[in-house]
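Each of the next two complexes has subunit A plus one other chain: subunit B in the first, subunit C in the second.
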Partner chain A sequence: MENLVLQALSGLASASSLFLVAAGLTVIFGVSRIVNFAHGSFYMLGAYLAWTLVTTLPRGHLGFWGGVVAAALATGLIGLVVEVLLLRRIYRAPELFQLLATFGVVLIVQDLALLTWGAQDLLGPRAPGLRGGTEILGLRFPDYELFLIVVGPVVLGLLLLLFHRTRWGTLVRAATLDREMVGALGVNQRMLFTSVFFLGSVLAGLGGALQLPRESVNLHMDLSIITEAFVVVVVGGLGSLGGAALAALLIGELHAFGILVLPKITLVLVFLVMALVLVVRPHGLLGKAPGPAHGGAGSAEPVIGPAPRPLLWLGAAALATAVLLPLLAGDYALSVLTEFAIFVLFAASLHLIMGPGGMASFGHAAYFGLGAYGAALAAKWLAAPMLLGLAAAPFAAGLFGLLFGWFCVRLSGVYSAMLTLAFAQIAWSVAFQWVEVTGGDNGILGVWPDSWAAPKLVYYYLTLALCLGATLLLRRVIHAPFGFALRAQRDSALRAEAIGIDAFRTRWLAFALAAVMAGIAGGLFAYAKGSVFPTFLGIPRSVDALLMVLLGGVQTLSGPIIGALAYTGLQEQLVRLTDLWRLILGGIIVALVLFFPQGLAGAARARWEASRGDA
Partner chain B sequence: MATLEVEALRKSFGGVQAVRGVSFAVQPGEMLALIGPNGAGKSTCFNMLNGQLRPDAGRVRLLGQDITGLAPRRVWRLGVGRTFQITATFGSMTVLENVQMALLSHHRRLGQLWTPVSRMDRAPAEALLARLGMAAQASRPCGILAYGDLKRVELAIALANEPKLLLMDEPTAGMAPQERVGLMALTAGIARERGIAVLFTEHDMDVVFSHADRILVLDRGALIAEGAPAAVRADPRVREVYLGSGATQGGH
Partner chain C sequence: MTGWVIGRRQVLAGAGAALAAPVLGRAQGAPIRIGEINSYTAQPAFLQPYRYGWTMAVEQVNAAGGVNGRSLETLHRDDAGKPEDAVRLAGELVNAEKVALLSGGFLSNVGLAIADYANQNRMLYVASEPLTDALVWSRGNRYTFRLRASTYMQSAMLVEEAAKLPAKRWATVAPNYEYGQSAVRWFKELLTRARPDVTFVAEQFPALGRIDAGATVQALAATNPEAIFNVTFGADLTNFVRQGLTRGLFERRRVVSLLTGEPEYLDPLQDEAPENWIVTGYPWDQVNTPEHAAFREAYRRRWNDTPRLGSVVGHDTVMAIAAMLKQTSAVETEAMVDAMAGLKFGSVFGPVEFRAIDHQSTMGAFVGRTVLKNGRGTMADWRYADGRDYLPPDDVVRALRPQS
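Moving on, here comes the complex of A and B:
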């Protein structure tokens, strides 16, 4: 019994820290509608800055608490700079492009932090005055944790006061409800957005700084917190402060007790709860359905016509290169080319969901990984030959695509994307924790092609044929009635329904088809690598796919193909050339978002049309 | 048999009774206008007919079949075409493709994965557009079309379903006066030729009185008059609703 109480208290402390970060995220989203991936980076910066300040400043109360507050404010200033230099320019861009930009910031911050503070974990001092513990029901509980438990509600109270008792707060709430109306009333939106971003970043920085006495500061803090913060924000309802508090409480306690009750599925538990909440309440616990979309939400998507002649030539040239070049290439180059082919299909499959489907997926790697595991498990447990393994891949991926998709495609926008992420994380956790079957972190080794396909050149051609065939099939589908129906429900749900299109069914089948295609890519990847690991289904790989599609452009299928080649090639080269590949890649992503908001293919298309004068 | 029969339809939003027991019928080939001042409940009434809104009470029957509360896509399947007050078309498709989509849906071919749309139902779509005077615009994207032209596209989409009933919510809003008369004359011609029952709402009284066979007048959710244009025009209650009757009642 005493143990349970302490466990609940420690859950409260986690909830409190989580709330600080999530509050910043939700406030920023509410006003600017930006899904800020970089929020986790601000949290990490807050922790690092606090470490530097606290260890440099004289010891004692002033040094510690002054350092923490100064770190939070400094983080706020960094957020402000990012808003003014980058985000301010892209508020009108599509949601996913903003996401891409903030992800560029994540990469940049990671390398800058590495350069500044080094790769090793940093341990901060404990908080003066809160080093000891207090006896609660005969057990000692750390004072600092008690302090954290108080911080959350205090910050919530202050924020509520700020939002309900000041003119600025009223404007923020108004902008959360209807941004355009606030603009029409003559409010200086720039100032409002910038100040909100500052506040949100301060909260993230504070959240990070307050972790100093609890855990070591390291370079993985950003992505681990951002996933949790997103979960909290989405479960609570985007833009809802009270919802964030409630969800933080729920998630914090879930962590605390999950370990006691169900240690085997701790990693899944949080995402299971999120999935459950979203299925029952599609807009989170306290979230409201967004009002009717305003007319100017985005310019109409371009018409998809037959490919222009130069593009056909370019495609033919690329195909010739893909077929002939390997004859001269060595084993390493062949492996790289094989990966190129696989990622082209992977990106093309995601494009079906994002482009014609108009949905976002943050968890597309799930189907890539499920394909890989499908093949590997068939090989390991059934001793299946390669072709059977390759057939099992799309089957496994498609089956789960049908299952997960049935839930995901009912929601829209960020909620739908977060649900795809939740399912991907569940799949990842199962691969990671079900050691008996999947080998856990060690993966499944020895997934090699049959002897006839063992030579790298043969396997490359096999991969090329399958990936190319599947990609062309996707193109065919996009141009066929089904693909048009998919675009129809994206363009106008009202009209689609009025002419007899079942939007849910169409989206669902498209989601499953994309999963099947990703599964083929995953299966081929498994045999190419000879092994599968949980990372195949991880968030970074989902983000890779997202980046490929967005870099290339979502409008036409040439986008993800070009994006996949550019991204895979760039990463490959950068990793070989420099340790700072994240910095450079992040910089390139940010530059692309600023200067080519339609993606590479979109920009080329615009230029081509302008040159012909019929744009 | 009447194409559409509406019986004691009711709908409230919160405490506001938007439609209070409306009943009427539309015959094949008939142009029936539903008019009334702003807020009379026209659009609410309309949206209940094709399933966009579920009525609180009452029945909607299409050719004798009860369709009350069916989803819009099922209502379409039973042979109802619809145009919207604020046009809704597929902006990323050309005018022709928009009509092709409606035809493909009518022929139940939208699930096909192989043959490109560009080769399916092209000729009938072109014929339909030619009939509505939109042939020249066929290859333009709907996203950049003028509003009046979008109204025509919507009509083409609705007609592609070979409808028995055509529901047109403000079909000429946003059009030039010359165009309005032309479009409604065209609609009336097609309706009579094919025996389509047409129910439309309209603000432009010239359009209403020159093209409707019969007129329903709705005020504050209830029908206050029904009949031939001349009769409705002469009805004192209609005059009161539209013009007010300041002299006798002192305004309200």
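Moving on, here comes the complex of A and C:
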């Protein structure tokens, strides 16, 4: 019994820390609709800055608590700079595009932190006055954890006061409900957005700084917190502070008690919780259905027309290059080109649901990975020849696409995207933990092509034929009646239903089709690499796909193709050239976002239309 | 567009290499190229000292006239912790850069991916860091060799000490991935064999890098074990130790802990390093054999820093490769593989052999207990456990490793 009470207290302490980070994220999202990937980076910066300040300032209460507060404020200032220089310029860009920009910031911060603070983990001093423990029911419990348990509710209370008792808070709540209306009433939106971003960053920095007496400060803090913070925000309901507190509590306690029963559940627990909550409550615990903020009647996305003649010529030239150039290329160039072809299809498959479908996915790698595992498992357990393995890939991916899609397409916006992430993480943890079948994180080895396809050139042409065929098929689908129906339900579900389009079925089938196509890409990837690992369906790969589509431009058909080539090509070159590739890649992404807020292909189209005068 | 640019670069590079290679290959003094792949951006804390050790060793070999008149040259690549990227980079190093052999690897799955590539493409792969037993046993192949003492070996070293303790009720805590799971499995199996009277009352598997230390410590304490086997390392270890100390988890309990004596993991704990844990590690300040003293001094002069275990591993990987190159009849894969099998070379820790039976080196580790000295953790009562004494009998190894 005593043990259970202490376990509950431990859960409360974790919940409190989690809430601080999630609160900042949810406030920022509520007002600006930005999916702020860099929030974890601010958390990490808060911890590093606090370490520097606390270890330089004189020891004692003032040095420690002053250092923590100063670190939080400094993090807020960094957030302010990012908002003014970067995000403010792209609020009008298509939805989720800001995610790309914040991801660039993540990459830059990772390298800058490494350069500034070095690779070794740093240990901060313990909090003065809270070093020891207190006896609770005969067991010892750390004082600092008790302090954290208090901090969470206090911060929540202060935030609620701020939002409900000040004019600024009222404006923020108004903007959360209806941005346009607040703007129309003459409120300076810029100031509002900037100040909210500052507040959110301060909270992230405070969350990081307060970890100093608990945890070591290290370079993995950013990515390890960001997904969990997002889960808390979404489970609680986007933009809802009370919801975030409730969700943090739920996850903290479930985790504390979950490990007593199932120690290995640590990997997947938060995602199981999220999947369950979202299936039962599509807008989170305390979230409200979003108003017609985005995509209301009359705000249809640009119509996709037939490709203009020069684009056709360009496509033909690219195709000729893709077919003829490899005859002269070396083995390594061939394997890179093979990857390009695979990622083009992968990005195009995501584009089908993101562009024409109007549904974002944060977990598209699931179907890529399931395809790869489908092929590898067939090869390993059934000794299937390569072609059979390649056929198993889209089958496996499509099956799970139908299953997961059935739940995901009922939701909308970020909720739907986060549910895809939850399913992807569940699939990932199965691949990771079911060691007997999947080999766990050591993966499945020896998935090499049959001897006829073993030469790199043959395998390249096989990949090119399949990927090109599939990509062209996707293009055809978008121009077919099914594609029109898909775009119709995106622009106005209500009108689409009125003319007899079954919006749910259309979205569901599109989701499954995208999964099948990603599965083809995954199967080809498995044989190209010779091995399959859980990383194939991990979050970083999903993010890669998202970045490719966003970089190319969501609103054009050639966008994902160009985005895939640009992103993979850049990364491949930079990794070979420099150890600081993250810094440079991040910088390039930020620059591209600033100069081409509609993506590369979107910018090209805008220029083309402007020159023809028919924009 | 991008694809075309890269293609052209590769064509030129490939053509250049094809034209140049036969001539250069015969010329005296053309460098021998080593392709080295590691998770530099994903695991910088361990791999920066590793890279320093590696670079210093290459400089030493080259200053001494190289190998048979040819200098060594290394091409380092960052796989960012992704095995699929490591495979691509292996292809780049082999096909575009024409390296003679592959080396590196820190994460087990990256090591396995490179090993499988090496097997498929008949390239020598000298794995430095990855600890997984699969690399030389269940997934072992002709072309792969591994320097560091494996999970099994280090677990076996600790079991020897654990069996001497009076403790009968044990709990385990390990990161939730292959390394943690294997270490716990071996520890349980070997300890139960040595001491049939022990029982395991709890096990915790926090997610790697995301330990919820408070809850984990409390869950372990609730089962009231007499001793704890710890496999967490890095940030997880720090958080675990801090929560464990304030909650009194380690009082009146013995802790046996993998890798915790390595400066990589002990140094960040500063004056909060736990005392009297039985650990494997590397007491760099106290090992005064002539080989090690010379290495420590050279390292200090070159980098103005103290060596970590990663420095030794990087250094000795190069030394092993150089020793092999001196013995091989030609810089050609099959000859090099033959030279690696059974290769003996002088490591910083003393003589080491790459066993012909499973391609595992006999490099050992230091076993001792942790103490606080001058406000930082270090090891005391340590001894060097030679790896050859902690490997299973040959017939067991043959059963574990595919024989073909």
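Everything that follows uses one rule, which is that the second predicted complex is superposed on the first by the 607 of 615 C-alpha atoms of A that agree within 3 Å, B and C clash if a C-alpha of one lies under 4 Å from a C-alpha of the other, contacts with A are read in each partner's own complex, and residues count from 1 in each chain.
Please note the rule applied: contacts are C-beta pairs under 8 Å (C-beta built on N, C-alpha and C of every residue); 3 or more make two chains touch, one makes a residue touch a chain.
Please read all numbers here as calculations on a predicted model, not as lab measurements.
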item: Overlay on subunit A: subunit C relative to subunit B, clash or fit; value: fit
item: Which of subunit B and subunit C A:Gln573 touches, first, second, both or neither; value: second
item: Contacts of A:Ala498 with subunit B and subunit C, given as first, second, both or neither; value: first
item: Partner touching more residues of subunit A, whether subunit B or subunit C; value: C
item: Touching partner for A:Thr535 - first (subunit B), second (subunit C), both, neither; value: second
item: Angle, in degrees and to the nearest 10, that opens at subunit A between the C-alpha centres of subunit B and subunit C; value: 160
item: Partner chain(s) touched by A:Leu565 [first = subunit B, second = subunit C, both, neither]; value: second
item: Which of subunit B and subunit C A:Arg476 touches, first, second, both or neither; value: first
item: Least C-alpha distance (whole Å) that remains between subunit C and subunit B when both complexes are overlaid; value: 29
item: Intersection of subunit A interface sets (partners subunit B, subunit C); value: none
item: Residues of subunit A that touch subunit B when the two form their complex; value: 299-304, 306, 476-477, 479-485, 487-488, 490-492, 494-502
item: Subunit B residues touching subunit A - in the complex, by the definition given at the top; value: 50, 71-74, 76-77, 82, 84, 88-94, 97, 100-102, 104-106, 109-118, 120, 141-144, 157, 161
item: Subunit A residues within the subunit C interface of the complex; value: 3, 6-7, 10-11, 13-14, 110, 114, 119-123, 131-133, 139-145, 213-216, 218-220, 224, 228, 255-256, 259-260, 263-264, 266-267, 321-322, 325-326, 328-333, 335-337, 339-340, 432-433, 435, 440-443, 445-446, 448, 525, 529-531, 533, 535-536, 540, 565-566, 568-570, 572-573, 575-576, 579, 581-582
item: Footprint of subunit A on subunit C - complex, ascending; value: 1-7, 10-11, 13-14, 40-41, 44-45, 47-48, 77-78, 80-85, 87-89, 91-92, 94-96, 108-109, 112-113, 116-117, 120, 132, 134, 139, 176-178, 181, 203-207, 209-210, 212-219, 221-222, 234-235, 238-239, 242-243, 246-248, 264, 267-270, 272
